[in-house]
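Going in written order, the chains are labelled A, B, C and D, and every chain counts its residues from 1.
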Amino acid sequence: MLPASISDYRELARRRLPRMIFDYIDGGSYAEVTLARNVADMEAIALRQRVMKDMSRLSTAVTLFGEPMAMPLALAPVGMAGMYGRRGEVQAARAAKAAGVPFCLSTVGICPLEEVGQGAGTPPWFQLYMLKDRGYMRELLARAKDVGSRVLVFTVDLPVPGTRYRDVRSGLSSRAAGPGANVNRVWQGLTRPGWLWDVYLNGRPHVFGNVAKAVPQAKGFNDFWGWIGANFDRTVAWKEIDWVRESWDGPVVLKGVLDVEDAREAVRAGADGIVVSNHGGRQLDGVKSSIAALPRIADAVGGDLTVLMDGGVRSGLDILKALALGAKGVMIGRAWAYALGAGGQPMIERMLGTLRAELATAMILTGCTDVQHADKTLLDAAV
Amino acid sequence: MLPASISDYRELARRRLPRMIFDYIDGGSYAEVTLARNVADMEAIALRQRVMKDMSRLSTAVTLFGEPMAMPLALAPVGMAGMYGRRGEVQAARAAKAAGVPFCLSTVGICPLEEVGQGAGTPPWFQLYMLKDRGYMRELLARAKDVGSRVLVFTVDLPVPGTRYRDVRSGLSSRAAGPGANVNRVWQGLTRPGWLWDVYLNGRPHVFGNVAKAVPQAKGFNDFWGWIGANFDRTVAWKEIDWVRESWDGPVVLKGVLDVEDAREAVRAGADGIVVSNHGGRQLDGVKSSIAALPRIADAVGGDLTVLMDGGVRSGLDILKALALGAKGVMIGRAWAYALGAGGQPMIERMLGTLRAELATAMILTGCTDVQHADKTLLDAAV
Amino acid sequence: MLPASISDYRELARRRLPRMIFDYIDGGSYAEVTLARNVADMEAIALRQRVMKDMSRLSTAVTLFGEPMAMPLALAPVGMAGMYGRRGEVQAARAAKAAGVPFCLSTVGICPLEEVGQGAGTPPWFQLYMLKDRGYMRELLARAKDVGSRVLVFTVDLPVPGTRYRDVRSGLSSRAAGPGANVNRVWQGLTRPGWLWDVYLNGRPHVFGNVAKAVPQAKGFNDFWGWIGANFDRTVAWKEIDWVRESWDGPVVLKGVLDVEDAREAVRAGADGIVVSNHGGRQLDGVKSSIAALPRIADAVGGDLTVLMDGGVRSGLDILKALALGAKGVMIGRAWAYALGAGGQPMIERMLGTLRAELATAMILTGCTDVQHADKTLLDAAV
Amino acid sequence: MLPASISDYRELARRRLPRMIFDYIDGGSYAEVTLARNVADMEAIALRQRVMKDMSRLSTAVTLFGEPMAMPLALAPVGMAGMYGRRGEVQAARAAKAAGVPFCLSTVGICPLEEVGQGAGTPPWFQLYMLKDRGYMRELLARAKDVGSRVLVFTVDLPVPGTRYRDVRSGLSSRAAGPGANVNRVWQGLTRPGWLWDVYLNGRPHVFGNVAKAVPQAKGFNDFWGWIGANFDRTVAWKEIDWVRESWDGPVVLKGVLDVEDAREAVRAGADGIVVSNHGGRQLDGVKSSIAALPRIADAVGGDLTVLMDGGVRSGLDILKALALGAKGVMIGRAWAYALGAGGQPMIERMLGTLRAELATAMILTGCTDVQHADKTLLDAAV
């Protein structure tokens, strides 16, 4: 199958990855209501078909946080990407560079900051989790600076991890031990020989690269998750932004703001940007979709900081919808995770090319010549 | 499979129980419209994701009817639980005690009041049906007092039993006799050897423990259902609360109020509490969901008596939704019935642990530090 | 399977009847949108659960058009019922009598008026189609009078038959001829040996009993349908009611009024009653459901004539919903057609018993002691 | 199976055509949201059932752009129809003539203008795409005039082709080359021997008849699509209508107007008509359905030019709905494409006969005697 849509990359990833890993990417928390809303609400938005407009000039380029980008999109931070493809974060960062968009490295990536920066030839954006061990955080931020990272994405919607039922069932998050669980894991691996060769045998080391030093005694993911789980800091409040500022002089973007009151707090706290996000439906299930939350937030704080959004972006048309509702750009999580699982860097490049072509087509057919001028007039009020 | 969600416990119960018993638990009355509404309406409610709040302190504890509870939840009265697991009511009462929440024993439980009180080491709440035989009712209430029960849950939505089509089809309620029906029953049992050993052979006596004395000649469930069916009293009106008060000096909670006018009557009649409930979609099909009925009722009488709700609670997130809409606590029926069928007391304990963890996570992610302060600000008005 | 719900009778009929006949009963016209609406809109209506009302007295009896009835329900006219069960109209009329409700014989029934009147021991209501051959109509009306029929149900929504796609596909209405079509029919019959014996071999003659004399040369259904199809009179307008009155001195009920303007015309034309109906979704597809049309019509003309409704009644709860929305009674079509196909008179009796029990239960649980006092207060305004 | 509904013709086409071709007809662009909306929104509209109106006279005839038509319907331009049936455009044009309705030939038809005009004995309407090569466009328009075409349908919603994911997957539009892709194509063909004989072997030449001269070196569809794809002109703006007028003195109809502002521009630009259309959900996915767009547009410009609509018309009832909402006529795309694939001209004739009969029945049952008087009173406001 030639993948045409994100759902095709998803299908290819499903065939290539061990079930446990695919489910980790694909799933959401609890009953996956918010995950479904992210997609359904995006789908329900109606673009306006306009005709007979001279579209000889067409620009998808933007500049966000001082960085010029080929289109208003960044690869969202995604944990353990090195388990979906060999040294996955490096492959993704290269694909992003080729497409002219930023790649954001997760705190819990497999490849460390240094490997990604070097491997891609461009420093990634860096995503930080609120951990109790402030010394470790400071050190991490310093490493990110050293690598050359400019933008810090500070994820605020995970003071405690939401439960993803699929991971409990698959045994990924339940830390199930004993022979039964192991047999199951081995079995899942053996039925995916492509992955076994590419990732399991040739994609090592399988450690959380950015955290490895802090957990020297770790023997496997359980140990890493254990350390991280025990280190999520649920006491972090708005004033901690000041603490972050002390260690970071570049732009700070708060990822995981879904409420207009929190967005206003983010302005007060001096953030440079926010990502309207519910963590891709992976944290508090039952909250509204990002796209539904976006308009009010963009109206309230769009003049004060840069508003991005993520969650449910599955095509270039979705990008235009988000821009029309007030976002300056979007992040994509699953889209690139699926593509990585489907076939590494080439698949991610193909996918990004498709998204950009779709965005351009959507602009032509709505009569929008410059992506920076996208606004509500591109949408149909009453559908 | 490691059960992660209530739907997993349901699936495990489906595999372990004879079809007839599973359907009795799982089904609702008539076309099961209200049963579906209970779950769908709960799912449609949107929590508000809040970030950057100091959640170092977190309390799920409440005191209801003078009883301190680890979380605002009680195990709802469920008939014939002793048929889902060996001496099921005792197992459930023990699990409830371990989790620090009350267990409410049904009039039509398999284990009698005395066995449950003794077996669990704590007296259960006791649920009463309106039966014509007032002498028997008085005697039952006296026994409950003797056992030490403090809270009386008086079920008012069953002056006549609604028809559950599944039970007619399975033969459970149709009192089908003759060799065909018996062969079918035996067959259903034989295909569930785990249940056969645990419940059928080792879980006897299979009588309605609380009613057994009143129907000494009963030879099987048909005789018990016959006696009870003939004894439901459809003439009971509000003034009968006075009659109950004569035999009961503890808190009286009316279970099955779904209408705001009836809720006001309950206040007038001097009830200590109500359970906003449609009997889990097992009585009048087509009535609205409990969660949809809750807000108006809580607004109207929440200041006058303790408002609980049940119906459709399938996760800790649902508990928080109910509290946010005005309930002081919830009851769960199917959730524990499934867990009992899935594996007895240990499974119920696991399930209750999950619900509490989910409640805590939901509180952290909505920025609610004390479950007693949950209110509408935790919800998103417009979804 | 013991049939519990109408859907169970449907399933039994599906197993017992040749596909072509089952589809004739089950299907609607065109895309079956209205058929689906009839059921879905009924399901969406919410009853109000009320508690603690003294329900010692309970009456489901009504008097319609001067006839006392055990419950406010009549068996709707249904064509060719003699093909679903041996002398089907007679069996149904007997079952109706046993249940204390009227049976309405269709113009295009298999059994003629005389056979039904004699066989059941009570004259049926008689349903008339608007046919061009007025002489034949007059004769028919005279026969109905002779048999003792009191109520004339004049069907006004079939000036031309709507297309039922299923009947075209099955070959029933397409008058497909040739060996292929016949082989298909024979095959359908052979796979249903019960029906073959009961209806095909022992249920003859298979003619349209009421029309037989007018089409003496008819050799099969195609000839009858041909004659009838060519005789539907699309010129009939309101003044024709006067013509009907000349030949009929009993109550005249217009079946198939779905629009409030037509309802007002019916009053002007002097009708005694109307049946709010879309012919069970078998005529103009895409029109609204009967239950959706009912309230406005009942408000407008309920004081001037007797308003009945049909379409989508699948339980006793549905009957109460229709009454609450202004109907004085309902008709059921498919419900009894399925039951007849499932097992003849005994099944229809069982089904009618169930409907009545369901109606009674619904009354008790909504606190309605007399079916004649059912009104909007039984419903929940906001669901 | 005797085809009764458009969905039946669809099913027959699915069985008869190679998957790749069926998917080309059946599919829409991107996630096919608009494709689904076209049908769902049409289905949701409620006709009004009226009774007792004298329907002796009934007319479905209209005159559009000076041409008398048996019913207000034209066959929409559809690309490559000669691949669904042998010389498909000629067969369709003949069927249209037999039914008394216009056939509109696509720029990218297989049969050229001359073959269609001659083969059908009537000149077709001609559909033009905006291509960069103005010389070629002028030549084409001259050929259309020579053939006798009167009405020019200028498609304005395709300045760039939307992506149809199905065509990418099937390889049709992805220009996949190499042995794998060819084997797949051959395989799809071999499994459809009827099509192989009728179209592949005996339906040649397989070129884009109207374009053939411009791409003399073309060896296959890929070359044609390549030329066309490179020639779509995205700079065309409203003033180009003047350019068209210079080469065409007959009526000019703009196809693909979905927005009321564009409709007003069309009036200003002097168009004779517009087709409210989203290209059958094949261009900008996510835009609203044509039927939803129609009323506002008809209100705004219905007095100034002739408003047609297409998209989602699947029955004669749908035609009446569109007329009731302000269209003077409809076009059908997939309906005739399916019928052609199902069995050529005879199937298209049968299908058109069905649509007309359905339209007539819908008129009788709504009490509409003349299709030209159809208006909003035929619809139910509140469903």
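Assume a contact is a pair of C-beta atoms (placed from the backbone, for glycine too) under 8 Å apart; a residue touches a chain by one contact, two chains touch by 3 or more.
If you want to know which protein each chain is, UniProt gives these names: A, B, C, D = L-lactate dehydrogenase.
Computed from a predicted structure; not experimentally measured.
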Set of chains whose contacts include both chain C and chain A: B, D
Angular offset of chain A relative to chain B [C-alpha, multiple of 5 degrees]: 90
Maximum centroid distance from chain D, chain identifier (CA atoms): B
Classification of the chain B:chain C interface as same or different, half of numbers criterion: different
Mean-CA-position distance for chain D and chain A (Å): 42
Separation of mean Cα positions, chain D and chain B [Å, integer]: 59
Multi-partner residues of chain A (at least 2 other chains): none
Chain contact topology (line, ring, star, complete or other): ring
Chain pairs that touch, as defined at the top of this document: A-B, A-D, B-C, C-D
Residues of chain B that touch chain A when the two form their complex: 1-2, 4-5, 8, 43, 45-56, 314-315, 317, 321, 357-358, 361-362, 364-366, 380, 383
Residue ranges of chain D in contact with chain A within the complex: 30-31, 33, 156-157, 159-160, 162-163, 165-166, 168-169, 171, 174, 176, 234-238, 240, 254, 256-259, 261-262, 265, 278, 283-288, 292
